[in-house]
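Heads up, the next two complexes both have chain A, just with different partners, chain B and then chain C.
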Partner chain A sequence: MNIEQQYMQKVRKQRIQWFVFIVVLLALTVWAAIGTNFNLFVLFSGLSEGFSFLFHDLLPPSPATLPSLLDAALDTICMSFVAMILGSIIAAVIAMFTAVTTTPFPRLRYFFRAATALLRNIPVLIWALILVSGFGLGNLVGTLSLLIVSIGMLVRCFAEALEEIDRGQLEALKATGASHLQMITSAVLPQFMPSFIGWSLFNLEINIRASTIVGMVGGGGLGFMIQSGIKLFQYKQVSMAIILVIVIVLATEWLTGRVRERLI
Partner chain B sequence: MGKLKLYFSACLVVFVLCLLQLQFDYSKLWSGLFKLGNTISLMLPPDASQWQYVLSAAIESVQVAIIGTVLAIVCSFFLSFLAASNITPHPALSWAIRGICSLLRSIPTLIWVLIFIVAVGLGPLPGVLAIMIGAIGSLIKVFAQSIEEVDEGVIEALRATGSSWLGIVIQGVLPCALTALLAWCVMRFEGDLAESTILGTVGAGGIGYELSHAMRGYRYDQALFVGIVIFVMVFSVELVANRLKLKMAKRL
Partner chain C sequence: MTLLQVEQLKKVYPDGTVGLKGISFELEAGEFVAVIGPSGAGKSTLLRCLNRMVESSSGTITLQGNTITKVKAKQLRAVRRKMGMIFQGYNLVARSTVLTNVLHGRLGYMNSLKGALGLFNKQDTELAKALLNKVGLSEQMYKRADELSGGQQQRVGIARALAQRPALILADEPIASLDPAASQTVMQTLYEACKADGIACLCNLHQVEVAKKFATRIIGIRAGEKVFDGAPEQLTDEMISYIYEGAKHEEAVGRKETA
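Then we have the complex of A and B:
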């Protein structure tokens, strides 16, 4: 078989793979559309109803509600920040145990991996629902559930970063007879610092978004104001709160971007 | 190192200020842990007796995620070519699309759901719409990024041959960016499935409703079962997605 034929065969195989992929995707979509009674007519009527509600009932926001919302907005920011700081410190320690390059007990790695996968794969809202049963409503629940999910996410990212560090430096230090702790402080930490800061800033952005969600099931902050505002038909207050959410999210993105530029 | 020290000390100051603002009741921390332990003991063993309802709700969540993501992919696919700065027909158009996207993106999906529930009523529809809107916001951003990473030489070469805009997109940009776009779609579906499982807790359909229903009725054992199902759903999609991503990386 000459090269041309081989090439044509490969192209044909790729085409068949693509075809199967697209057919499966289409079949899944149709199955899902039938299951949820969904069609394009429903889509457009739903969207138009949604946006007419948005522009007629929600907008314009009432600035009079702003003072009462500012405290909740500040809570939202503080919850995310506290969860980010505590989360990145705890996660950095756990990540040291999970990464192949730095773990002092290689056998325990899988235990830590599995435990943090559990933290990460249960959505933050569900953590909040569970924690509410223990700690009651309020900021504490919001902060704790953000903390749990932050740890879950950051351990994965930190461990990946730790596994990418240059092993040559570790080996060199080991050869001089450095202890495990000395190796971590003088070889691992300096290399790890940029990704530590980068990922924890990214975590802050995620926390800010998540904190408005957590509030809806009793975690305090802006989410709580939005949820209760909708229940009480205070739509002008809701739109004001949503605008605050947008401002906070965009401001955080801007700020973390600036910090990243300066530090990394 | 001076910059780092400044950053960390600023973090510490803000951290303390935040704790002052939040005014936690630290005594609650311990009593809460005991109460939580109590709740957890009520959760065991998980009660699977309602499995038919949970299963059908889980399927509904998956379906909502699929439709929302597919619709978003279709919309973002076309719009992202207009938004990518290297091939956009007009810079103002690119700027406008990006602005709208970051607005859509900065409102969490759960808030979109609340809005759509009030507008169109309960059921799977508000979930689909909310996921679609949220996914469009983030997909256009990452699609446009991938398109902008396409080698400028490819575009210029096609432009030099007198190719039309559509020609450049189909012959030059698409083949280069396709794998990256697919990878983003897989990642988005992962996120959307996780989101669709919780939409029910605020009143849209799906498995989240079963969860908040069980929690409100203090049936913690049933709630744990639903929680396990959610974990299995999200985790298995993460596994499949990781495998797909590896496969795609090999292709490159």
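Then we have the complex of A and C:
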């Protein structure tokens, strides 16, 4: 068999594979849609109801509720901020044990990895629900659940940043007779600072967004106001709260962007 | 007393690559020895075995009468601070100041926590400043290390090694990444500093002419074996071509070694 024939055979095989793939994908979609009663017509009829809810009930937002919401907004910001500050410090310490370049106990690396993966992979909503049953409703639960998930995310980001640092600088310090701790503070930290700040600021943005979700299950702040507003049919207050969330998220993004430019 | 005694030093890497095939030599205080040989011959491995950055497979290393092949923890730190090291890539902490980089040479003498917090005492700071003056970089003291040119960075590297008040300096291809003018300054600085303080120097070099110019003695290494050890005048052209012969073949081994 010559090259030409071999090639044609390969092309034919690939075509068949593509055909089978697309048929299977279509079949799965249809099956899943039937199983969940998904229907495009229902989608459109629901759309009109959605619009009427949006324009008659939600809008316009009621500015009169603003003063009572500002307290909650401040709570949201504080929870996110505290979770970011504590989270990034704790995560930085754990990451030092997790990254292959910096760990003093290479064998324990996987333990730290697995433990933080657990924190990260349980959604923030579930953490909040678990903690509410222990601590009751309030800002403490919101802060704690944000903190847990922040640590989970940041350890991973920090460890990856630590594994990318220039090992030559570590080698040089080791060769002077420096101790492990001295190596960490003198050669690792200067290299690690930009990613530490960058990821922590990004974490603040995530926390602000997540705090509304956490608030809805009892974690306090704006999310809690949104949830109770929906339950009490105070839709004008809900829309005001949503607008506040958007404003806070945008403001945080803008602010962190500025800080990042300055520091890095 | 002999400063450094190396006996039958061998290094086999976990993947089976042989780095050193049993090297022996002695080094007296104040000697300036150039180690020459093709890439991958084991020059870098040899230097790193001496300060235990790489663990040798067998053989003994004796520094100032003490066997250091197996020392651990605190003693190992004490051994390392007696040997300054200079690197091909300078290996300065890029985002720290030049002065801080020189002060790093004092870390081995400090209590771990104090050093970690960067609490250098006045004498250490004075010493660092004096050394920067010596290598001609007083003006650059408060600049970030990565703002300096390659030649300047290497001179900071020399100052860092000198800050250890070492008995021996290990220089691993100190001028391999530098242009001829900067190379000349760096070698001159290193040579004079060692000579002034009676520090012995073991310097890996690519350039045979540079080795001949500065060295009091030359060691030739080929495929992990010492094939020449003598005065620069004794190094004949035949010997040089013997040392570098088959360099192409050994480059394959060299790639494995540095990987």
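Operating definition for what follows: the second predicted complex is superposed on the first by the 235 of 264 C-alpha atoms of A that agree within 3 Å, B and C clash if a C-alpha of one lies under 4 Å from a C-alpha of the other, contacts with A are read in each partner's own complex, and residues count from 1 in each chain.
By definition in this document, a residue touches a chain if its C-beta (ideal position, glycine included) is under 8 Å from a C-beta of that chain, and two chains touch if they have at least 3 such contacts.
Since the structure is predicted, the reported quantities are computational estimates derived from the model, not experimental observations.
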| item | value |
| --- | --- |
| Side-by-side fit of chain B and chain C on chain A, or clash | fit |
| Partner chain(s) touched by A:193 [first = chain B, second = chain C, both, neither] | both |
| First (chain B), second (chain C), both or neither touched by A:173 | second |
| Partner chain(s) touched by A:184 [first = chain B, second = chain C, both, neither] | second |
| Chain B versus chain C as contact partner of A:46, first or second or both or neither | first |
| Chain A residues touched - chain C or chain B, whichever exceeds | B |
| Which of chain B and chain C A:66 touches, first, second, both or neither | neither |
| First, second, both or neither for A:115, with chain B first and chain C second | neither |
| Smallest separation in angstrom, by C-alpha atoms, between chain B and chain C in the superposition | 9 |
| Doubly contacted chain A residues - partners chain C and chain B | 193 |
| Interfacial residue positions of chain C with respect to chain A in the complex | 51, 53, 76-81, 83-85, 87, 89, 91-96, 100, 104-105, 107-110, 112-113, 115-118, 157, 160, 164 |
| Of all residues in chain A, those that touch chain C in their complex | 166, 168-169, 171-179, 181-182, 184-187, 190-191, 193 |
| Residues on chain B engaged by chain A in the complex (per definition of touch) | 3-4, 7, 11, 14-15, 17-19, 21-25, 28-29, 32-33, 35-39, 59-60, 62-64, 66-67, 70-71, 102-103, 106-108, 110-111, 114-116, 118-120, 124-126, 128-129, 194-195, 197-198, 201-202, 205, 208, 211-212, 215, 220, 227, 230-231, 234-235, 238 |
| Touching residues on chain A, where the partner in the complex is chain B | 25, 28-29, 31-33, 35-38, 42-43, 45-47, 49-50, 52-54, 57-58, 74-75, 77-79, 81-82, 85, 117-118, 121-123, 125-126, 129-131, 133-136, 139-140, 143, 193, 197, 209-210, 212-213, 216-217, 223, 226-227, 230, 242, 245-246, 249-250, 253, 259, 262-263 |
